[in-house]
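To keep things simple, chains are lettered A, B, C and D as they appear, and every chain counts its residues starting from 1.
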Amino acid sequence: MPLINENSRGVFVIAATPFADDLSVDVAGIGRLTEFYRKSGADGLTVLGIMGEAPKLSSSEARTVAAEFIRQAGDLPVIIGVSAPGLAAMSELTKAVMDMGAAGVMVAPPSTLRTDDQIVSYYQMVGETLGSDVPVVLQDYPLTTTVQMPVAVLNRIFETVPSIKMLKHEDWPGLAKISALRAAEAAGARRVSILTGNGGVMLFEEMQRGADGAMTGFAYPEMMRDVVRYVTAGEIDRAQDLFDAYLPLVRYEHQPGLGLAARKYVLKQRGALASDKLRRPGPSLSDADRAEIDRLMARLDRRLKELG
Amino acid sequence: MPLINENSRGVFVIAATPFADDLSVDVAGIGRLTEFYRKSGADGLTVLGIMGEAPKLSSSEARTVAAEFIRQAGDLPVIIGVSAPGLAAMSELTKAVMDMGAAGVMVAPPSTLRTDDQIVSYYQMVGETLGSDVPVVLQDYPLTTTVQMPVAVLNRIFETVPSIKMLKHEDWPGLAKISALRAAEAAGARRVSILTGNGGVMLFEEMQRGADGAMTGFAYPEMMRDVVRYVTAGEIDRAQDLFDAYLPLVRYEHQPGLGLAARKYVLKQRGALASDKLRRPGPSLSDADRAEIDRLMARLDRRLKELG
Amino acid sequence: MPLINENSRGVFVIAATPFADDLSVDVAGIGRLTEFYRKSGADGLTVLGIMGEAPKLSSSEARTVAAEFIRQAGDLPVIIGVSAPGLAAMSELTKAVMDMGAAGVMVAPPSTLRTDDQIVSYYQMVGETLGSDVPVVLQDYPLTTTVQMPVAVLNRIFETVPSIKMLKHEDWPGLAKISALRAAEAAGARRVSILTGNGGVMLFEEMQRGADGAMTGFAYPEMMRDVVRYVTAGEIDRAQDLFDAYLPLVRYEHQPGLGLAARKYVLKQRGALASDKLRRPGPSLSDADRAEIDRLMARLDRRLKELG
Amino acid sequence: MPLINENSRGVFVIAATPFADDLSVDVAGIGRLTEFYRKSGADGLTVLGIMGEAPKLSSSEARTVAAEFIRQAGDLPVIIGVSAPGLAAMSELTKAVMDMGAAGVMVAPPSTLRTDDQIVSYYQMVGETLGSDVPVVLQDYPLTTTVQMPVAVLNRIFETVPSIKMLKHEDWPGLAKISALRAAEAAGARRVSILTGNGGVMLFEEMQRGADGAMTGFAYPEMMRDVVRYVTAGEIDRAQDLFDAYLPLVRYEHQPGLGLAARKYVLKQRGALASDKLRRPGPSLSDADRAEIDRLMARLDRRLKELG
């Protein structure tokens, strides 16, 4: 399987973790879900992200899930989240998944980091520990990690840790950061691929600022595929019309915590998951929630027809 | 001026603080801004909120701003934010603004509160300190305060602090909280008015769950007025069509920090502010930001025409 | 090996993790360290605590360390820290270490917990997941976890989760909590063993308030053994004289972060560790630090001689 | 009154705020307390610190307290804490207290600051706002503010904000920071005075690392005076013997939150305060707490006699 690099583009869908109704891992369901993502426009997958249900897996389950996604993905590159409290555990999981054929690993900073130097030296240790041949995605997600990485810090990291090939951009607000990183690149800084998160809620603007695509789990990957495609092709109005049509649902899934339950419900309604169960502790949808989502899905269908 | 009470309804706009280009308070501009809010559908105003620029005012400026908004608002009720690190300062400001004719005061919890009992006893102290004749709005805004108030805690507070008449609901996700509070009311708990925040990003659903209106600063108050009105009238599709039209801009203003700069820019474009300057420390818009907002405003106009 | 229970008493030393100078786990050194702790007065050991270097071990290393400490400890009970972001990983490790002969497991709350109900239901899930036959130590350490557990919450947990047998008390300030828990017990609440942490910095007072002993890693366990013994025997002045003699060093080790490096240095000086190396990221001592510690150790020796 | 400067030395006692039993400000008691501090060895006072009861004063009370301390202090320099959420309020209070004769003002960073540049630019704004003629103390207290300031950041601030004359050093652990700042000074960086906090719990070592004195509120300022004097005179053993004698009480007062109640109790027992009441919300001592403190005070007296 090809590795990710600094020119990787498109939509890497953050994959949901399928559970059976008894909350065991639904290994068989991983094939169905992967097929859904592929058909919906995924250029790659990201598995075991920190905001999903990866922390609720045992370490053996986590490896099973990673292995099965990689197997089912075939030629689609799969990035595995390996964030861990310590470097030894991160290294152990990284070796395992790279051997399975992963395209790279993603590392979010531990929430104890505060100063610029702490952040830079953390990623230098990550780079040294994982080795120069493992492509790394740096996840910049202050809302969850509480770690704030200014552009100057990111550029110091990119300069000194060549194995970092991609930025999972999830700062909020974060448009200025994309513009500044691309300006730095134009002035000679090393290029990295920038894929954006936050459920896609700013995707249209992010693409215009210079992002290379999206890395998030919105349950309609075709929206992300098309927005990326249209902006890239210069069809700006078309991109924004499409984006706006999906925005009510994007917004609903963007609710912290509850959004994941909403997302699994949509994936189930769309036939991509057999069960929308979440492991404890986790939110569950009420009848009112489900009615709201059903309504949003129906309205989306109508709006897409209007747009033609 | 009438006081707010547990049946207050409609749109209380969180008022921006007008500065001149030299960053002095633009007292004269308060009249223009108040007139804009009134014409755009405000049923009341909220001034000196914690997320705006109130913390950047000196204490004398804060009183000047409060007094002028109250004077200009005439018969519109004005709620004044009086959150403070200590009860003595809160009490001092509350006495001053109630004497000026404020309709009530709003109090967010200090970020040091953690346990249920700490939160309940804090609001009991607030109620005792401010006195039974001052209507209080409890601001529930965990994203900023880090204080999480479960429904059971809110109901304990409402039960033991009768002067709390209104909940500024700004939990996120927070729809289930509205449903649960209304269910508790149906089961006999004391009613409080619920106005919702978060820039209006969930307003349509919040109204359907039982909110009484909105209290947020979105620069198109007419959207909030109409969504509240249509949902109340049972015109659900019409409400949601209108809401969706504004959603791209609602989302843009909902960006933490930067959103306030975007909002002031829109207010200036709409003629409600003479200057969109923010005091330091604070974000400022780039040309790219302004171009994005201009585009969103133009698209909104077109979409509203389509909707007729 | 016997399990811990609600009447467990004495000193459970939080064991350091021995590394060789090349930072591999010094498995052979575990025997020497265990012997040191036993001779210094340990009634039990606690391994893989959240504040030490456990998070820096890979999962296979963690099991090796746990197994070797359990093997070397013989009839001394060994508690294993199993705190984890998810219940599946916690359950997996718990099963493994209980099979090895652990005396119980210790669980700190995830830092995302805020409200009373969240905390109670978390420990209920822990109890259900680990099973009624696994004795659990609840670690109450707000300085690190940011989770505040009032006495009422602890008693709700003790009442509904019978497998919790011990409280690792590490609130600061926390003396009133011990008094209140013992008062509740006198009024009929279920008894749990209370062992105190925080490096022993309040141990004298904690014992007088009703603690059953200490669970912390201070490098002179004999101080903790003797303070526990003397207070229990009613020799209050003798206990406090001894405590005060050690206090300058207790204080030095109580420095967050750096304290662990100081502790390993003292353990090395005392012959308990072959190397005082810490894995990255971690603090390291300067010459000035070492000189200060040497001085404190020398002064301690003199003071102990004065006390006779 | 003389202003503080980069060579200020000695003990600046953080003054308690005296309340009457009815919790009104005991203005008359400020004279008595000031006299106590002077006789106990204070070289200066610091009033309205962030960790005391200043946030519980109204703005008019705060000015009254500041004015009375300055009046009573006579030729003793008085530093006033002016930390505020916004620069306008900080500027307003600074102007007022400098006009009253304050020797300087102290500013802690708002807890929202994270990155190096945010911290540096915050203090640059403070310096510009307060003006070059107002000596500023930078308070570095991460345990409370959550803002971490590495040595490089402090030196960038000192270099670009000449009005900062003093560092209130309250990092923990913080000995390495003092050493590094003094090494930087030896290498040519601008000198600032370093006074240390944290209740004095590391004072002996801090003096040896190069601190110029203490700025904290320990209720026996004579200990701080003598430790500073003896270390300065090279009488190291004598300094440490004395320090160790007081350490059990230093430690007791160092308990977060509760420590302030303990301190006021000791000050009342020593005749420095008429009442040890704290304003709400705040901790209160139990009978057990008071008995422990009485015991520690009696033991201190005996130990001081032993030392001669």
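Note that in this section a contact is a pair of C-beta atoms (placed from the backbone, for glycine too) under 8 Å apart; a residue touches a chain by one contact, two chains touch by 3 or more.
Note that the structure is predicted; figures quoted are calculated from it, not measured.
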Reference subunit C; chain at largest CA-centroid distance: B
Pair exhibiting more inter-chain C-beta contacts, C-D or B-C: C-D
Inter-centroid spacing, subunit D versus subunit B (mean Cα positions, whole Å): 38
Centre distance in Å when subunit C and subunit D are each reduced to the mean of their C-alpha atoms: 33
Computed distance of Cα centres, subunit C from subunit B, in Å: 47
In subunit D, residues with contacts to at least two other chains: none
Complex contacts: residues of subunit A adjacent to subunit B: 172-173, 175-176, 179, 201-202, 205, 208-209, 240, 244, 247-248, 251, 255-259, 283, 286, 288-289, 292, 299
Residues of subunit A that touch subunit D when the two form their complex: 114-118, 147-150, 152-153
Partner subunit C, residues of subunit A touching it in the complex: 55-61, 84-89, 91-92, 111, 121-122, 125, 279-281
